[in-house]
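Here subunit A shows up in two complexes: once beside subunit B, once beside subunit C.
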Partner chain A sequence: MAFQMTRRSFLQASATAALTTALSGWLASGAKAQSGFVKKPFTAPGSFGNTTTVTGGICEMCFWRCQLVGKLRDGKLVKLEGNPKSVDNGASLCARGNAGVKLLYDQDRLKFPLKNVGKRGAPVWKKISWDEALDECAARLQGVIKNNGPQGIAIFPHGASATYPMHYFEHVVGTPNNSEASFFQCRGPRDIAYINTFGVEAGESVDMPNAKAILLIGTHIGENIHVSQVKQYLKGLENGAKLIVVDPRFSASAAKADIWVQIKPGTDSAFLLAIMNYLVKKGAYDKAYVQKNGEGFDKFAKAIAHAELEWAAKICDVSAAQIKEVADLLAKSAPHVSVHPGRHVTWYGNDFQRERALACLTGLLGAIGVKGGFVKAKGPKLGKVAWPDIGVEHAEQFALHKMAEKHKFSPPGTPTEMLRNTAISGKPYSIKACVIWGQNPIQTIPGQQETIKMLQQMDFVLVVDLMPTDITMYADILLPELSYLERYDIVKTGVQWDFNDKHQQYIAPRMPLVSQVSADHQRKDSVWITNELAKRLGHAKHIPAPSAEAMVDKILAAANLTLAQIKKEDGIHLQPGSNPYGAVYPIKFFNEDLAEAGYSGAPNYTPVPEPPQGFARLVYGRVPVHTFNRTMNNVWLNAEIPENPIWLSEETAHKLGLKSGDKVNLVNQDGVVSANAVTLKVTQGIRKDTIFTAHGYGTKNPAMTNAVNKGFDEQSLITNPAVDPETGAHGMRTSFVRIMKDGKILNIPS
Partner chain B sequence: MTNSKTRTPAALYYFLAQSFRYPEQAWLCEPYFDLLDSIVQNLDLNNDALWLRQSYCANQEGLEILQIEHTRLFINAHPAVIAPPYSSVYLDQEGNLFGPSAVWVRKFYQQHGFELSGEGDIPDHLVLELDFIALLLDEGLYDEAEQFLNEHFRKWFPLFKKRVLSGSTNKFYYTLLTLVDFFTQEEP
Partner chain C sequence: MSQYGMVIDLNRCVGCHACSVACRAEWDVPVGVDSSKRKQRRNWVERLGPDATPHGLAATYYVGLCNHCDNPVCVESCPADKVSATFSDPKTGLKKTVSVAATWKDPFNGTVQIDKERCIGCGACADSCPYTARYVIEESGTPKADKCTLCVERTAVGLEPACVHTCLASARIYGDLNDKKTEIAQYVGKGAIRLESAKVKIGPNVRYYGNKKDISLLTKNSTPEKMAEINHRRIFMARMLRPSLKAFNSNSLIGLLGTIATEKGDNA
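Moving on to the complex of A and B:
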């Protein structure tokens, strides 16, 4: 619009009676908010500005929880570093850890409670107050509880902050329908398999620095970065450990391997059975250890007796000589062998048995409690803050896998596939509300269309997150959480990373490095949010901790510590540790409980479907600068590796006339086309029957302005997930794909 | 500062700052629209003020429309937020919050005797910058206000305004952006 006057003339004229009256009327009305300033005389800062170091940070750019310090300049976090007092990661952080600064100030972060006044999947957001948001959540959850029972609520948690609300919904509200991505789409089969072999959880408890041999099945350390684990691994290699890597792809680990077994995907269990059978037949196992601690060894030996080297060689598409070479190397290095349990193990739906095989192999080699073997650190003891179990009995009755007598070795919670099917079908009961906390089920769970169907039939969907990830598009109410740099949260404990060093234990609670309050947002921590919900749902008297800070203090009290004390100790309390070696675990080579439940009591190999003619199997993994989708919007990390190339074997590329740098899509067996064309990487480092890419890319929510449409989401192609019979966990390396270039679909030659 | 002492120009900038806060009934009230009316009339702008008053004042439905628009323009949105009201987003390469220009702004505040009241507040929010100009004017620091406009505000506000206008036809924000532009642009 054109102005009839200048600002100057306006201001001169502003003494006009009408304007003056209006101005004083407005000022007098009290409608003007307080200004965001206070007066403070200026003092010139020194040459380092006003830089201060704040201790007590615990990284959550992934879930390894390295200990941090933050450099603050005038209230702005300018840098993150490893806490020099740390005996775990030390002063080191990985690229993601460093880039945490950019998460804190990401312009796309969720800032205020939002209400969806549009539709699920096509939201229109309205900022609302916390009271309004919480009242609405409570009323709508209450409605579902009233109509459908507590089991009508499903929860999808992920990350440290989700633990407290998860326990609330399970233990107090009383729903069994908890689908934790970290179990059902990641570690579940591993943890349950080791518990049912050694009686303890696997963790990644292998003493790699002191190993003579390290066996990695699919694990690609180097692309998968967890700082202290990488240190252990590299120390082991430096100390001369022989590295065996079993992987269809020339991974970062394969590149360092003494033996690279380029196995056919899906056949790892056959490979492991053959090695064990060979060792047993040859008598090249730790007889003393097995005799003393083994259970069901004879049955086990019999059950795997068919697994000859030649048998496995054929299945695994590797030479019998190579399998023998691996077996001999393991035997020669025993008991100082790190048989790595892996981390993300939900591959083919036969994963529990593969993990059982890894545990049994560890036992056969006597590689338990000895240098280089499976060794559990002796960490410090802490207290617990727990919701009372008032709803657990109810929850148990409605646990879907128990009702159906399936997946009898499920990790805690309910297998995702059953939960989702129940929600969609309404059988055996209705699931009508969904609480999603820190998880992005669109990308964590295979079968996206089913997930969307499940969401669409809900009466209420609550999402709590940091960033507007894809799942947030389906929320009715979307709540913003404080990040790991702004909140009190878990207490990280552990010991020094190398058992050769002085034995020390550490206790490091997560403490905020920057202020929790800001005029720019109203983010809250999960303890506050959950407590406010609990109050509104009539559970005020069960609240175990009034705040996150109080929760941490309670946990610390059992170790005679306080937050105040640990602050004085620069964020990490160190105390003398003890020698972790010498632990002995009974080994269930043949597990009678499994057999009784109708599963194989000895580890077995179940063949997986073969790629149809013209297709290759799609496998996926990680890149060192990203943690799935969680880091994709981070400007620094995004700039490092913005998209996920597709790895294709040189021979295939040659036949199809493709070259590195071509832009291609993938099409799966159900005709689903990947959303964005990405760069082709032609390499000798992958089998012909396999195509690889990195997970977590291809964000669809445009509200993630850096990440949106960068790379493609391989989860969108996983439309035929397998389900592990024992655990109910998903198998996700089950998709078969062809290449599409310029709209033309190309068959993969066999 | 007390109301009685506030001078006319300062009050105008407080008014502009207020206009970009989250729309609430508490401030979208008669006196607010009286003032808006008066300014618009003095400027001989098309008389949208009446329409705005009818649409948004004491009108629950209109208020909600404005709240949704504010959320979409400045907070979080689907498909994407239109225009985060922070200078860093427009001036600094990475487009993150709290970039170098925000640091510059904070220093400018400090050098002129002002500190943000919240430890975690981000300095270069549009509301804060307009409030700050008002504070300077309140103290009679006209040259400093001009310096702030010249060295900082005018570098990003037009970019911000352009982004809002390219993604929104909302008359309230159109009018207010026009007013901010008028009261901050360089004059011969």
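Moving on to the complex of A and C:
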């Protein structure tokens, strides 16, 4: 158990405890004296009396990783709060962060290693020992390696705990078949596009507090909550930034916008090209910056010259005047413009080029390294714990996209669609084992039936997770992990959230807030599990860290720090930072590498298929209280937003005789019906050709007793995903749907 | 006298629900509904819209909690035996003794509180609240009314209310509405509104600040239009059935809470 308590917090806690004790002591004696009766304490004690404060927590209810303190009473976590020492989230947490307590003590959490003695998809679980589980995993993985080579193992990782095993399978075992949801179903096209424009990853590196204008394309801050980013956004608005939101739906951000562009889904790139062409033709761009740092500007200008305002207006179904209004506002606000790169960007299969357009627009506005622009602060330097690269050469030879000479700008790993097709077809080679770590591919990857086919043809499926998500039903062996509140893990680094504040860097290793040991479970951390597998697969000598704690200490050593030291510093080490402004990046307006590889060297717009007659496009987003499916079983979060309503335009609803509150299903173009009827939300805040819902609902596994059958799983309807040609990432806003009410299918009027 | 309350700045609020979850964690509020189908929550976030308003399309949030009203009907409706209670003012040290049932409005800080020990769990207060800010906790087998205390227990030891503490948007402004120097009083000066209607005018001390369209959407959707009917039969039954406790005089019990506040006041 790691109780990191400072002198100050100790004094605080004990003062509070003394006061509370005095109060309840007095109450008891007072009650006795007056009535001869000791009353039951009906008043909840709160988190501040008789608790100890433990520091060093790093949240992982999502992946922003806010810094936490825990309030413990009798060894039990009663509350989580932001670490007051944090220069990132500060004392604040979002709803999910606050609800971490209920993940920790969720009765449905996986507790013991389990073996499936039933079928994949219809499991019957037998509790087994860690030794039995690990021996069987090793033997069956070894069998696949022997028969099919290391490339016969596919891995599906997600989250901090999956990094260590992921590197083991890639670098030591030697498989290229790594499908990271955070790349291929999320951020991949964004970061690769920015790397191929500025030479650096995009992140969400925009200095919103100092912006004069903020441009959000589909980003719905408010429904998407990352604490320090929301703080930056609100600070910008408070400081007078004009907010432009481009979204087919009146999102939480659109509700705060100065300009809402109600764009037709799939056409964002046309919108961006028209703005850029307008700025270029008008000469309303940062000529000095472009001349000094731009590459291929003339070719770029020529390539987008066709993108007139009227051309885009027609495609995007918005007025040319509004596109011009946006362009003029951006030009007027330049260079202090936050062109937000987005986060989940795998929408239509033309996403890499849209992200390239965002980067080029940033460059045109000279909005780089300046107040309000694209600014990457310099974070602290740390060490690394790495598995040796003994398997990398083999992995490279079997990388599917390289063998097929496709997706030449893929993020690291193998594009999911290729991996899955290969597993199903056995061509060009067999993929017969699957290691799924913290990811729920049933709900992260479009084309569920294909995913299930892939799983069913495997010789072995290993799943490691905290909760019995839908994917766990397909495991042969299912291993229970420790949560982020019980383990040592990654080291979170960064700088203060507002660049106007004192420049500071922080280093915050994840440390357990509560004991790892309890009689009611046998959970283990991923470093231990991976090491035990590695030993059994003959890789003992390559193990880079004997334990998670040792791993973190090794990472910290490069910064002359230790866990012991950071414990003394309340879980966060602060050190002086530097001025984040002034960076200059070369901007590849026209990228010759892309052109040579056969892609468009300048950002372009590729039209996407239109909804067939009678259908609307299904788009999805977030609700602020959930992180995909990961948080759905959390009793507090579930209570806040228990299901995902379907947003339908008022005009359409009137025509179909539907009203808010009706229970409806969706049916997609392939006849797939959503599993559970949900509440209809009729609103003027969505286009007629678009239907919206929130992602992650509709859990099917009955072992998730709070979440099961609450809302519907929109991923089940995405049976026709697109694939981004440059990156191989999925496009998932591709499904077309009709409404079904009381078993009757209703056509969406055009 | 002080009147503590809260302003919700809808220009800042992003509707993240952190406040309602932090409150649940702080006070261990059960999840669900009570036997009268009242939602069990001390504070809540309801998404409103997108919907048309006279000022344009709007979407905002009804961020609710107990209003600690000027004229709390819940206090009037409490059928528990009255006892004499002494309150003290942390600022002046003044003392005041009044007769209170199991729920009362503090004469010095203006908050509405419940004595859980004397509450008979009849739910009359919850029935009477036009803002649905009260409910009954029945999980222990001994029903007790529950609601937001404005975290007087936390503020007494120098902490912010749990919802304010966690709010990442700084959208919840807590303080004394009667002290003109406070940020909250300045919000009232800027026009923060109360959710009141012709029939519901009991002086709620939670106010809302925002642009015209958001305020329009909020007032249209979330203003209570009528006072609740109190179910006298149920109150009668509850009184009949309650454990035959001898009501004990909590004279200085409430005074002690006041004393804690005094200590805080002196330190601050």
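Definition applied: the second predicted complex is superposed on the first by the 700 of 750 C-alpha atoms of A that agree within 3 Å, B and C clash if a C-alpha of one lies under 4 Å from a C-alpha of the other, contacts with A are read in each partner's own complex, and residues count from 1 in each chain.
Here is the rule we use: contacts are C-beta pairs under 8 Å (C-beta built on N, C-alpha and C of every residue); 3 or more make two chains touch, one makes a residue touch a chain.
Being a predicted model, the structure only gives us computed values, none of them experimental.
S.K.: Answer with first, second, both or neither: which of subunit B and subunit C does A:153 touch in the superposed model?
M.R.: neither
S.K.: With the two structures laid over each other on chain A, which partner does A:82 touch: subunit B (first), subunit C (second), both, or neither?
M.R.: second
S.K.: Looking at A:107, would you say it contacts subunit B, subunit C, both, or neither? Reply first, second, both or neither.
M.R.: In the superposed model, A:107 contacts subunit B only, not subunit C.
S.K.: Once the structures are superposed on A, label A:303 by its partner contacts, choosing first (subunit B), second (subunit C), both or neither.
M.R.: neither
S.K.: Considering only the touch criterion stated at the top, classify A:635 as touching first (subunit B), second (subunit C), both, or neither.
M.R.: both
S.K.: Give one of first, second, both or neither to describe whether A:42 is in contact with subunit B, with subunit C, with both, or with none.
M.R.: Touch status of A:42: both partners.
S.K.: Under the stated touch criterion, which partner chain does A:491 make contact with: subunit B (first), subunit C (second), both, or neither?
M.R.: Neither: A:491 stays clear of subunit B and subunit C.
S.K.: Share the list of subunit A residues that count as touching for subunit B in one structure and for subunit C in the other.
M.R.: 16, 19, 23, 26-27, 31, 34-35, 37, 39-40, 42, 635
S.K.: Sort out for me which residues of subunit B touch subunit A in the complex.
M.R.: It comes out as residues 3, 6, 8-9, 11-12, 14-15, 17-18, 21-22, 26-27, 29-32, 34-35, 37-39, 41-46, 64, 67-68, 70-72, 75-81, 84, 86, 88-89, 94-99, 102-103, 106-107, 109-122, 125, 127-128, 131-132, 134-135, 178, 182-183, 185, 187.
S.K.: Which stretch or stretches of subunit A touch subunit B in the complex?
M.R.: Contacts found on subunit A: 1, 3-8, 10-11, 13-16, 18-29, 31-42, 73-76, 102, 105-108, 110-112, 114, 117-118, 122-127, 468, 473, 478, 486, 514-520, 635, 701-703, 705, 708.
S.K.: For subunit C, which residues are in contact with subunit A within the complex?
M.R.: Those residues of subunit C that touch subunit A are 11-12, 14-18, 20-22, 24-29, 31-32, 41, 45, 49-52, 57-60, 116-117, 119, 140, 142, 144, 153-154, 157, 159, 162, 165-170, 214, 245-246, 248-249, 252-253, 256, 260.
S.K.: Quick check: in the complex, which residue numbers of subunit A touch subunit C?
M.R.: My answer: residues 16, 19, 23, 26-27, 30-31, 34-35, 37, 39-40, 42-44, 46-49, 78-82, 89, 91-99, 101, 221-223, 225, 227, 230-231, 234, 237-238, 250, 252, 254-256, 260, 624-625, 635-641, 683-686.
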